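Shared chain: chain A. Partners: chain B in the first complex, chain C in the second.
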Partner chain A sequence: MNGGPAENRVRLYLWWSRLAAMTAKELIQFGRDTLLLIAIAYLFVFDTYMAGNVGMQLNHAVVVVHDADHSAASRELVYRFRPPYFKLGGEVLDNRAGQRLLDSGQALVALDIPPHFERDILQGKPTDVQVQVDASNTVLGFLASSYAAQIIGQYGFDQTLARLGVTERSMQNVPMIRDEHRVWYNPNQNDAWFMPIAELLTVITIMAIMLPAAAAVREKERGTIEQLLVSPLTPIQILLPKVIAMTLVILLGTAVSLFFVLHGMFDVPMKGSLVLFFAVTALYTFTTAGLGLYIATIARNLAQAAMLAILVLMPMIFLSGAWTPPEAMPAGMREAMVLSPLYHFIEMGYGILLKGAGLDVLWDSLLGLALLGMVIFGFGVWRFKRQFG
Partner chain B sequence: MGQAALVDNDAPVVRVQALVKRYRKQMAVDGASFSIGRGEIYGLIGPDGAGKSSLMKAIAGVLSFEGGMLHVLGEKIDSEAAAERVKGRLGFMPQGLGLNLYPELSVEENVDFFAQLRDVPPEELARRKHKLLAMTRLGNFRDRPMKHLSGGMKQKLGLVCTLIHEPELIILDEPTTGVDPVSRRDFWMILTQLLRERDVTALVSTAYMDEAARFHRLSLMFDGRVLIEGEPDVILREVPGTLVELVAESQVEALLRLETRFPQAEAVGPKLRVFVPGAVPQVARAQVEAQLEGLMVNEMQAVAPELEDAFIALLQRRQPAGQDDAQKSRLWLDGDPPKGDGDAIAARELSRDFDHFRAVDRVSFEVRQGEIFGLLGANGAGKTTAIKMLTGILPPTGGAGTVAGADMRHASQAIKERIGYVSQAFSLYQDMTVTENLRLFARIYGVPNSRLAERIGRVVALAGLSGVTTQLVSKLPMGIRQRLALAGALVHGPRVLFLDEPTSGVDPIGRRRFWEILVHLARVEQVAILITTHYMNEAEHCDHLALMHAGRVIADDTPAALKAALQQEAGQVLDIAAEPVLPALEALEQAGFADAAMFGKRIHLLARDITAAEARIRTLFAERGIQLLDIALRTPTLEDVFVYRILQQEQQEASA
Partner chain C sequence: MIVRRIVALAYKEWREILRDRLFFTLAFVVPAALMLVFGYGLTLDVERIPFAVVDQDKSAMSRDYLHRYIDSRYFDYKGDVASEREIEPLLADSRIRLAIVIPPRFQESLMSGRAVAVQTLIDGTFPFRTASSKGYVVAINAAFNSELLGSYISRRLGVSEETAQAMAQPVGVQLRYLYNQEVKSVWSIAAVLMMFVLMITPPFLTALGVVREKENGSIYNIYASTVTRGEFLIGKLTPYAAISVINFLVLWLMATQLFGAPFKGDPLFFFLASVIYVTCTTGIGLLVSLFVRTQVAAMMLTVIVTIVPSVLYSGLLVPIASMAPGAKFEAHLFPAMYYTDIVLGSFLKGVGLEQLWGKVLALLIYAVVLWTASFLMFHKRPKS
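Coming up: the complex of A and B.
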């Protein structure tokens, strides 16, 4: 283009003025959408709050007992299944009744003590107890069976010691390895720290995809995109304001959730730099919005956009380590995790909030996030421009 | 046949008494009453939201209602069971092009499906299918999936599917909305033919006032109420008055003077139309002349008013239009706008190809500053593609053009900055207020901050929006929304304005207000306006028209010249009333008047030599014992022009 510096200045001013006008418009529209406001408040406040309350811990799991011995020894074993992990759900008359309670989900564990349990122990004969565990929820089943094994093992150990006549003092001569571990970053192994952070970062991801997708699809659905296309706006000037406005909204939601729910209610420490945390969050939301823009080019209405968003979100969350730790993933999938931007985001989120880590440690995650983000955002913009350019 | 059967035959097919339908608090139908006799084509005319659809659904037995009485085909509809009993004897086609059809199924599969639903025996189905598909000229497209049919064809297929079980009563909800004039005419032909062959009764709704003449009797609906009911002629007699048409030297000045005395004065192309209520022709002329004292007036004539004039008069009688703020403010700050200086839009041999399909084929036309230019044509004729090229959205494959002084081949950004655009669907933001929308578009179009308030103030005054500036758009009625869309397109003061079917679904008063503004823009502000429309009587407003068909412009002239050319080529329109009318139509067809067609109870035909034709008709009717009630000459409408031109084009293509 010809035109002197003055004209260029006018052009630049116009460019910014258009961007500002469109961003203001997105924020006005967002503020008028009551349903969306409620959804945002729900996800950022109540959802993270709930995540802090429902930990992955065994909590009053119901144990039913079939005690065919009814002896002091059997009673002692049974009463070792105690709250808060277990709760006795009563006695059943035969093994099959216990099975039925497992089937119907009324009990998580069925303990079966054979006849002559006490006699066998006193005679020093080996004896078996049967523990049946409902492992349809794998985590709880795993916890229940390992706790049960621990209780029964401890009981057997105690019986052995008693039988050997080992006293407190003579114990010191028995060879024994003492397990002395230190738990770092979350010394009380408090679920209420881990879960809400993971949930908050997941919510940020959902919003970062859904909000721009919804804002763009709404324009298509209501035909307003037509009016924008005949205006002097470029596709970039149409899509950037959506991403900017929605990033602002998400940052605000994140701040509320972080300060009032995570820190305020669950005392999640904020060890690292908050500036860094919010900067990373902004980068993450901005770039992930590319996926939302891409969805908006395919979907014809809001319902389709929501379906597509779920399709994109599931693998992203699954591969992020929010639900399953990377170590628990099979080999191929563990490598694939680096492709989920959420994986890098969670690494950085935990690192900054819990470990107080800085860029010196987290630079590789930031690099991964930035590279993935650029690809995703570039792809979204390219598709958007192709459809509306 | 006994006495009972005779009585039954005379009983109305549909009787509606004080029917009330509410959606929560919203009153959809507010005490409508009318009855439809056997063999009648009964019309419901009114704008969107008048309650037509609700009323029709209630009659079809698919919608419950809150009050009043309803009898359909002799059955009192007071329960679901009663509605179920008559459903087999009626056919209902809902609104929307082919919405009741299955897009993936072929034409034949669609028909078969509806026949099976209605338990039509196979032999019977084969016979009816053959006949109906032949009649609708869909026979050659039996295997084509419905989604690949044109709008008009979809609508005809919908009609076939509605008729396949030979219902006694057919209910058609806006069957001609969005359908091109040729298909519309086909549609009416099929309907009248069915009436001739079998004793079918039809209830048809429409938003087009000019279709009123097609009905035997009709109800004008507005706001859930029946304003007036009866035969078209009777309705016109109910609203006495005279229409004065004139051409004044200074149209703007003349219109201003007329408006101060007559609420129904408007500029239509070069003419001024004034409805003088309650006055006989001489008195009306005298009143208009007195009002125009001292102005040069050419060709003044007093004619009979049309149904739309009567409709508007009735509406204004009910709710005298509050004299809203004078909207004669200027768009430009500095006094006079630039004079009408040459071409605002020039298209030269514009073409656009999509893959192997040429959507626009060497189209050329010019629009001058201050001119209202109408682009007409069926869906798929290439209008939208042409507009997209002219507005800089779509680059042309071939040809050239300038819009507002910018070359459309490489200055699309400049074009976008200089034009205003009002789209077909309302496309401003409904969850923002009027001012917020205007502000947004002003800033998008680069109006500097210092001038924002003043610009917005001007367009608000121009479009008569000053009472609603702080309201959310979603709360505004259609008519006001369209004016807002116009205001949004004008906020940066463009000199070229594009409007793509801007008035669909707007009521007649709203449409008239809209046109008042457009006329002001063109005449006073010298804005060039390019508009597409489906309403043929709106086309009359244009200074110049181009008719597009299959990507090409097949006629391009002023409305008057187009009509004159038609009269030259094909002859005049004769309007005949005869008794009995159906044998009269048959006689005319047999005598070689191929284009004779029913218009309500009257027959229209084209004739080159009027006196000879009249003589022939008289002898023909005398031979057959048909009574000729009236024979009159009618100026052809633009619809006549377009149907003729398109058929002519199709014939040329077929013979080539």
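Coming up: the complex of A and C.
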């Protein structure tokens, strides 16, 4: 064992050349499956592109009105329900007709203006406008009611100010809070900045778990793993090339998606360091690939591997913080999120791309990911070694 | 088409599934586990938004104003910072998502009858959360303003405080949330999750079924046998569809019993519509497995046609109504969207076939198209 330095160098060279040869083998095998290549290209390019057309904003929600007053005042209120949030869907004769439109999903909001609406306002009598909102989709229901309340509140406010004879110029002399909100990092709240990034990170996760798991299980299922085991390769040399090859594929896909789709089509800003972004992506891929390898040690065939992958993937994707605000999660779940590598990756991905954050801010997430990575990857390799060593 | 052959094939497939213990267990565990995790964890309610304050006034009035945020369940007070410059790193690190800057002489200006600008800085990284936060801020400001305006009117016109308050806010809003009175996201989410889980698991169960036989070569037994194409496909798929129907019943029980989602519709209608839906999703898996040669490709293709559309285009997270035309078109291509309407209609709205027949018809057409396409694509004499 204790050879001279020259012998050590030879051994080292041999080790690396075997690793390189195996990586090349994985890449070649990967490249032969045309449909798989198309599927991956689709996910990285077309899918992230489509995600840019999807959003969670209220967009032309249909409002139907039952106007029992038909006055100038009621018409002015109704006309405030304008695009982009709302769209007037016409008038209904009674409340029942409005209810029917809500039932069938043709309208989201039904506005009911009471009789004598204008008279009451002019006389200073309080009056109520009824707003019915379809809340079966909570996102839309919440936004619609929030905006409707804003519009009606502002309308009442304007009426009062007009009655007091306050003009726009004398507004400064009414004791009021002027709300000046500024939105940072995504000033126009452009969903096309948020969604494609979320989708890209999701796609990376799916691949990082599924591809190495599939590559390893396939060898098990077909029995070719026995050939590799009798060769002078160590288990690490069998395992690592699979992860390296898939990481290369994923990094390439990420680069294409980031430059051509995210930046090229949606003008997603890339404020932070791209080197850092790709380094983090590589680290993340390695970490999650460990999960894939762990799955590969449990599963005996690809059908099992696929089901196990879903069991791991779906909670990771949904509870990562991109969809559900971590602070609103129930207590136990919030802690569990910290154990998900994707949670840290999302924090860093958005941090680097949108916020321009550097290591000084993100070091804790990076540390968390690195620790998770070591534990997960180490565990995956350990299981594999025990099974085949 | 001979029934005895179909039964024999289905039995053979069933034995094969049963023999693979891990796979058999996972076929039931995965749907239930996903439902459990998401039912508890997937909340879209925007609450406890962490925020910080720069109070350059430190007066009684500014405290009173800030307490409307601090005492609200929508906000989570993280403390005061000395200057605006300290906000940026906190926002960048996601320690806070919102910051309120109260200018100097806040109280003095308001007391002397002048308007004051209060600045709110909001993290825009997650647009939906930003929109919700903005809504809360506007609502709190409006409430505060109407009080200010009330006392202003009472001073200026010399009327009682009460009349002045009524004058300050002449138009009230009576909000009624239909179908989901408390806007509990768990109600609609538990229901929609059924759609989601039944979109993902059946295709994965099925997708590898046929392609595995292709890759292993055992498909040649079928090629060489007297079994016809239709018999093979139906026999092969029946066990998977049966598993999915059982899973559907389990999920239904979980949604109503565990998560307390109300079920207002017709159970029989819902059951039949769901069976059609499960037939669709099983068919998706079948079509995928006929299309590809390797199991790995089958896996990735199933991801594309199930996970991606059910996350983005099913209405679970992203409302269909707020999509751009291109995305809306893609949403209409997948069965998930139609079934979402059926689920929500049956659970929350209590509507039945009269309102939902269009969606059921769409699913039916989808199922027929999928199965016909599979039938046409499956050849007992493959070209290569």
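Following the convention adopted for this analysis, the second predicted complex is superposed on the first by the 365 of 389 C-alpha atoms of A that agree within 3 Å, B and C clash if a C-alpha of one lies under 4 Å from a C-alpha of the other, contacts with A are read in each partner's own complex, and residues count from 1 in each chain.
Throughout what follows, a contact is a pair of C-beta atoms (placed from the backbone, for glycine too) under 8 Å apart; a residue touches a chain by one contact, two chains touch by 3 or more.
Predicted model only: the values in this text are computed from it and were never measured.
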Fit-or-clash call for chain B and chain C when the two complexes are aligned on chain A: clash
Dominant contact partner of chain A by residue count, chain C or chain B: C
Contacts of A:Thr224 with chain B and chain C, given as first, second, both or neither: first
Touched partner set for A:Gly165, first chain B, second chain C, both or neither: neither
Partner chain in contact with A:Asp33 - chain B first, chain C second, else both or neither: both
Contacts of A:Gly105 with chain B and chain C, given as first, second, both or neither: second
Which superposed partner A:Gly4 touches (first chain B, second chain C, both, neither): neither
Which of chain B and chain C A:Ser17 touches, first, second, both or neither: first
First, second, both or neither for A:Ala328, with chain B first and chain C second: second
Chain B collision site on chain C, chosen from 128-136, 146-154 or 218-226, when both complexes are overlaid on chain A: 218-226
Shared chain A contacts, counted only where both chain B and chain C touch the same residue: 33
Footprint of chain A on chain B - complex, ascending: 391-393, 413, 416-417, 419, 421, 423, 425-432, 436, 439-441, 443-446, 449, 472, 488, 498
Of all residues in chain A, those that touch chain B in their complex: 14, 17-18, 20-22, 24-25, 28-29, 32-33, 222-233
